[in-house]
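Next come two complexes built around chain A: one with chain B, the other with chain C.
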Partner chain A sequence: MVESKQQWKAWLYLSPAIVLLLIFTVWPIINTVAMAFMEDYSGLAKIGGDTAFRFGIGNFAKVVQNADFQQALINTVLLCVISVPISTILALLIAVALHAIKPLQKALQTIFFLPYVTNSIAIGMVFAAMFNVIGSVGTRRPLISSYGIVNDIIRFFGGNWVNWINSGSEHWANMFVLITYIVWNALPFKILILLGGLTGINKQYYEAAKVDSTPRWRVLTRITVPLLSPMLAYVVITGFIGGFKEYTSIVGIFGESMGPVHAKGSMNTMVGLIYDSLASNNQGRASAAALILFGIILVVTLINLWVSKKHVHY
Partner chain B sequence: MNIVLQNLTKIFPSRNKKSGEEVVAVNNFNFEIPDGKLIGLLGPSGCGKSTTLYMISGLQKPTSGRIFFGDDDVTEMSTENRGIGLVFQNYALYPHLTVKQNILFPLQNLRGKDKMDKNAMLDRAYEAAKLVQIEQLLDRKPSELSGGQQQRVAIARALVKMPKVLLLDEPLSNLDARLRLQTREEIRRIQKETGITTVFVTHDQEEAMSISDMIVVMKAGIVQQIGKPQDVYDDPANLFVAKFLGTPPINVFSGRVQEGHLYIGEDRIIDVKGVPDQEVVAGIRPEGFVLSDGGPLTCAPVNVEVMGRDVSVVSTHPASLNPLVRSIINADNRIELGDSPVRYAIKPRKLFIFKKETGERINFEVK
Partner chain C sequence: MSQSVMKVMQGRDLRKTSARQKITHILSQAGIYLFLLLMAAIVLFPFYWMIISSLKSLVEYRLSPPTFWPMQALFSNYADAFTTASLGVLFKNTMIVGLVSTLLSLVITIFTAFAFARLQFKGKELLFAALLATMMIPGELFTITNYATVTHLNITGTYTVLIVPFLVSVFYIYLLRQNFLQIPNELYLAAKVDGTSDMKYLWKVMVPLSLPTLISITILKMMGAWNSYIWPRLVANDPEHRLITNGLRNAFTDTTGDVNYPVQMAAVALVSLPLFLVFVFLRKYIMSGVSRSGIKG
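And then the complex of A and B:
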């Protein structure tokens, strides 16, 4: 057969990608699974000649029982559950508004897309600066040289300034800053996808809605959102996956301490935990944590798909 | 409710700023659409018929001129408040809603004193569905319907809120020939049953002629003629209208008027008293030919097309402006074509003459 004669060519053309995938994706995955099930696996110990790691689920047990893990899991879930809906709804409203205007549309699109091409650590540092209070906070007579832009605004409207991220700040304030940052950072990609979806909707549906005297909010909820549902589902699913992998944003705002000075690690996330385990030469535990994260993302994505199957049209 | 179009004009600014050429899509359209009638806007593509329809709907704003619904000036009124039903060329059914939800949609938008309760809405939706005979399809999605069914749903959706005016944009263009025939009868029936003033746009003259109470023939934004289909056919205002209406189309010849006689080539066809001598274009409807041994028009035969009821004789004539001259002869006459020329007598009421330069009709007295 002609096809089988040609087959070696197909494999040849595919081989660069396959080889790279095997080396850098498949092998590490197998390795991760293997390491996760080796009791107290450590790369250093292995180099030292200790090669007989027993098979077991001790790594998982240690990860799950670790108080840091529970904190990290709660942080991660909170970040996802709050930031994904907010950013999706905001992105939808902004995309609809952008789609509706004619003048400056391109310019505004560019502005809204800027965060996407900006380094997230840099954005994090800018956000940190906006919320940072410079001076001696927490002493009996605080001496403060700058409250940060956000506090300046609050004070301008007569409010009390808030210790957002500095020493002595509360957990909810940290969370607020982080979620603001994550939402803002997530907007451009979502807006882009939704705007693309909006341009794909036949204009006649809107003309038909106009002929039928449809109120604006109803056009949005009954026509735009359903017709955009495939894109919305995509944006929500990728949002959750990205959210569960949240790490750089915390580094961007709090630095490697993963929390304000007085409570290091309090804002840690799942990925942060994996890094920590690697840093302390506990590759076995890191692998176990990675597998747990994988499991969580899988389950959440399956739930997302199940929900979207009911509500996504087409 | 009657609709009055007064000096209605729509000018589209030019796309290309350098050339600066504006497009006059509709030029000074004046017409009073009588209450409860079915009006066909007819013309080739780009003639401004759809633009006119969309201006009546309010989806497009006229550059100048006014539109009245009854006594109300609606020129500045937005589409939402005009109370019209519009069927789009591609139907624009909401793809994510079932047929029932699609039909209910306009009713659910009603606010204030018009607000209806659920049962009343359902009753109305069923009524509309029944009118267009789609009761058994209510739970389907538009993608599960054929073109003709979608078309009916679109009409039901437009009718369900009992609009004062129903507008249809090329409603039959997406249907196959058979369905088109059936659906146009359907539109006629529904329009008669509801008595809603209806305007529909088409480029198909047969479609417009067959169901309209009145037709408006347009060309390049300018109204050519308005009238009852038969009147426009029998009495075209100019060469364009004469050519546009009728299948097979009218046969046109270059001719001349000399001393009160019309000549086509060297053949002296009929007397046209009172018409000054000039070059003209003569148009003869296919049914205006009568086979006659002593007839004045002599053509070279090509072949005979049998259509059952009628026979179409295809021939050529040196003065013909079309490659072929097509006549329709009653099939009672068995026609055997030899090589000898066919000779026709011409029914004078089926012959029109037009000015050569402008295409304007020249009237003459028919004895």
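And then the complex of A and C:
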């Protein structure tokens, strides 16, 4: 039996959270969904927005037909599809290697976790500095004073320097820099989770493999990966969700123009597009874009779960 | 007799294979270390580059091939960075917002988690499930309406707007509730028999017993304030209320070309330093918080 006094007390304890959640979580869900269907709605009359609107799916149509949206969607999908497998495989190899050593294990583990505690804008600026070329790039006869450390390393091994992020750089080069940064940034979390999973695996499997003198590679693919599959599924799913919400790493490398000097906005992502719509005071369209993003993340997560259901051993 | 000969020969064989096994073991260990050290070097390189670049003169920075250790450490870059980005104000703002929001957030989280873990009320399970469900929704969806809300409330460009909308974190409530549930209920009932009030029991027993989780939450929340960019830029982008990340990006808008990188890298190093200190001293709490969450700051 529940005393009514205790009921009353429980709600008192909950009240601060409930009030704030109603204002900043529940209301936004209702309002954003509603605004998505309010065509040409700017909402913010206070800062000169037009509050007139009519209901319809025009916002969605406008967002989808927008060339910027298509570019942003391509960018987002591309960086997810490339960076998630690379970072997952690298993290798996590093975690397995860390698990196989004794001396230095703690020290190396600490080093690999370091990128996690960084400011993504700040370190993005460091990556920009590493790939930046100083001099007149993009002209017919470039006069270079410094190629940047990455190009210096490439030249040291006899390769040709690349215009990574400067004026006139190509989209694939921009993408390469961004994905390198995202992978670097994504490793710590994945290594932490996978290493946690590895320590949970029963040692007997490995001893049995040792008795049968199973080669290392087979041990990895036949024992470690299947037994680690729940953690692998977890890091892949969170990796995709994070990838679809990528935004600040691009601001870090390319600045708020979201692209190299000659092609502003060419590196924009879905989230970037939502904030662009907000900045241009178009609440309706921003809401529609956010719902589309939510839908994409939901579908991708469901696909991931469906795939992992087939392959994950619990 | 022949049997003993066999035994001896088998023994030799075993010794041979064990020697071979030892060699392959050493070789594979060496390979593993080589791989790990190489990866560690790649992971650390941006930090190394940030620090040495921040100490170079502009002339030295432009050298090709580059120097891998500053010829003369130029600490004035740090002073320049501090004034160029007016880091003092940014540090102050971020500390105010971080400390106040962490403190309030902790109190709210403790109360809410306590209600869900120990008190009985109608619709408890349903409400908790509803809370967890909101975690699936991307933050952008909230941001759009919250931006409109704070504009209507006329609180943009204040500390309030940076603190209040993010005081309740469903994830922290979840984390602390799990921790509270591990504390045996007998303790609570015993306290009730003794006539201890709920409030006193919460603060004298449950909170001290959950200190590690509370420390994890504190660190993640502070790091969140330090790294937040999108919301502060949207609602409080004036020089008086700007937060550190936003201020850094604002002070150094150019990322490519002939930028004064040494000063820029010094600013980046200054912004990164507190995070490193937290990491060095409180690594354990960050890692345990992160491994249970999967959210970044």
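Here is the rule we use: the second predicted complex is superposed on the first by the 287 of 314 C-alpha atoms of A that agree within 3 Å, B and C clash if a C-alpha of one lies under 4 Å from a C-alpha of the other, contacts with A are read in each partner's own complex, and residues count from 1 in each chain.
Heads up, the rule we're going with is that a residue touches a chain if its C-beta (ideal position, glycine included) is under 8 Å from a C-beta of that chain, and two chains touch if they have at least 3 such contacts.
These figures come from a predicted structure and were not determined experimentally.
S.K.: So, A:294: does it touch chain B (first), chain C (second), both, or neither?
M.R.: second
S.K.: Can A:53 be said to touch chain B (first), chain C (second), both, or neither?
M.R.: A:53 sits against neither chain B nor chain C.
S.K.: Look at A:205 in the shared chain and tell me whether it touches chain B only, chain C only, both, or neither; answer first, second, both or neither.
M.R.: First partner only, chain B.
S.K.: Which partner does A:240 contact after superposing on A: first (chain B), second (chain C), both, neither?
M.R.: neither
S.K.: Could you look at A:122 and tell me whether it touches chain B, chain C, both or neither (first, second, both, neither)?
M.R.: A:122 sits against chain C, while chain B stays out of touch.
S.K.: Check the residue A:41 against both partner chains and state whether it touches chain B (first), chain C (second), both, or neither.
M.R.: Neither partner.
S.K.: For A:286, is the partner it touches chain B (first), chain C (second), both, or none of the two (neither)?
M.R.: In the superposition, A:286 contacts chain C only.
S.K.: Regarding the shared-chain residue A:256, is it in contact with chain B (first), chain C (second), both, or neither?
M.R.: Only chain C; A:256 stays clear of chain B.
S.K.: Check the contacts made with chain A and report whether chain B or chain C touches more of its residues.
M.R.: C
S.K.: On chain A, which stretch or stretches are contacted by chain B in one complex as well as by chain C in the other?
M.R.: Shared contact residues on chain A (touching chain B in one complex, chain C in the other): none at all.
S.K.: Show which residues of chain A lie in contact with chain B when the two form their complex.
M.R.: 202, 204-205, 207-208, 210-215, 218, 222-223, 226-227, 229, 313-314
S.K.: Which of the residues in chain B end up touching chain A in this complex?
M.R.: For this pair, the touching residues of chain B are 57, 59, 78-81, 84-86, 88, 90, 92, 94-97, 105-106, 108-111, 157-158, 161.
S.K.: For a test of understanding, state which residues of chain C touch chain A in their complex under the given definition.
M.R.: Where chain C meets chain A, its residues are 28-29, 32-33, 35-37, 39-40, 42-44, 46-47, 49-50, 53, 61-66, 107-109, 111-112, 114-115, 119-122, 124, 131, 134, 136-149, 151-152, 164-168, 173, 198, 223, 226-227, 229-230, 234, 244-245, 248-249, 252-259, 261, 264-265, 268, 271-272, 275-276, 278-279, 283, 286-287, 290-291, 294, 296.
S.K.: Could you list, by residue number, the parts of chain A that touch chain C in their complex?
M.R.: Residues 2, 6-7, 9-11, 13-14, 16-17, 20-21, 23-25, 27-29, 31-32, 35, 43-44, 46-47, 90, 93-94, 97-98, 100-101, 104, 108, 110-130, 132, 134-135, 144-147, 149, 152, 156, 165-167, 184, 187, 189, 192-193, 196, 216, 234, 238, 242, 245, 247-248, 251-256, 260-261, 271, 274-275, 278, 283, 286-287, 290-291, 293-294, 297-298 of chain A touch chain C in their complex.
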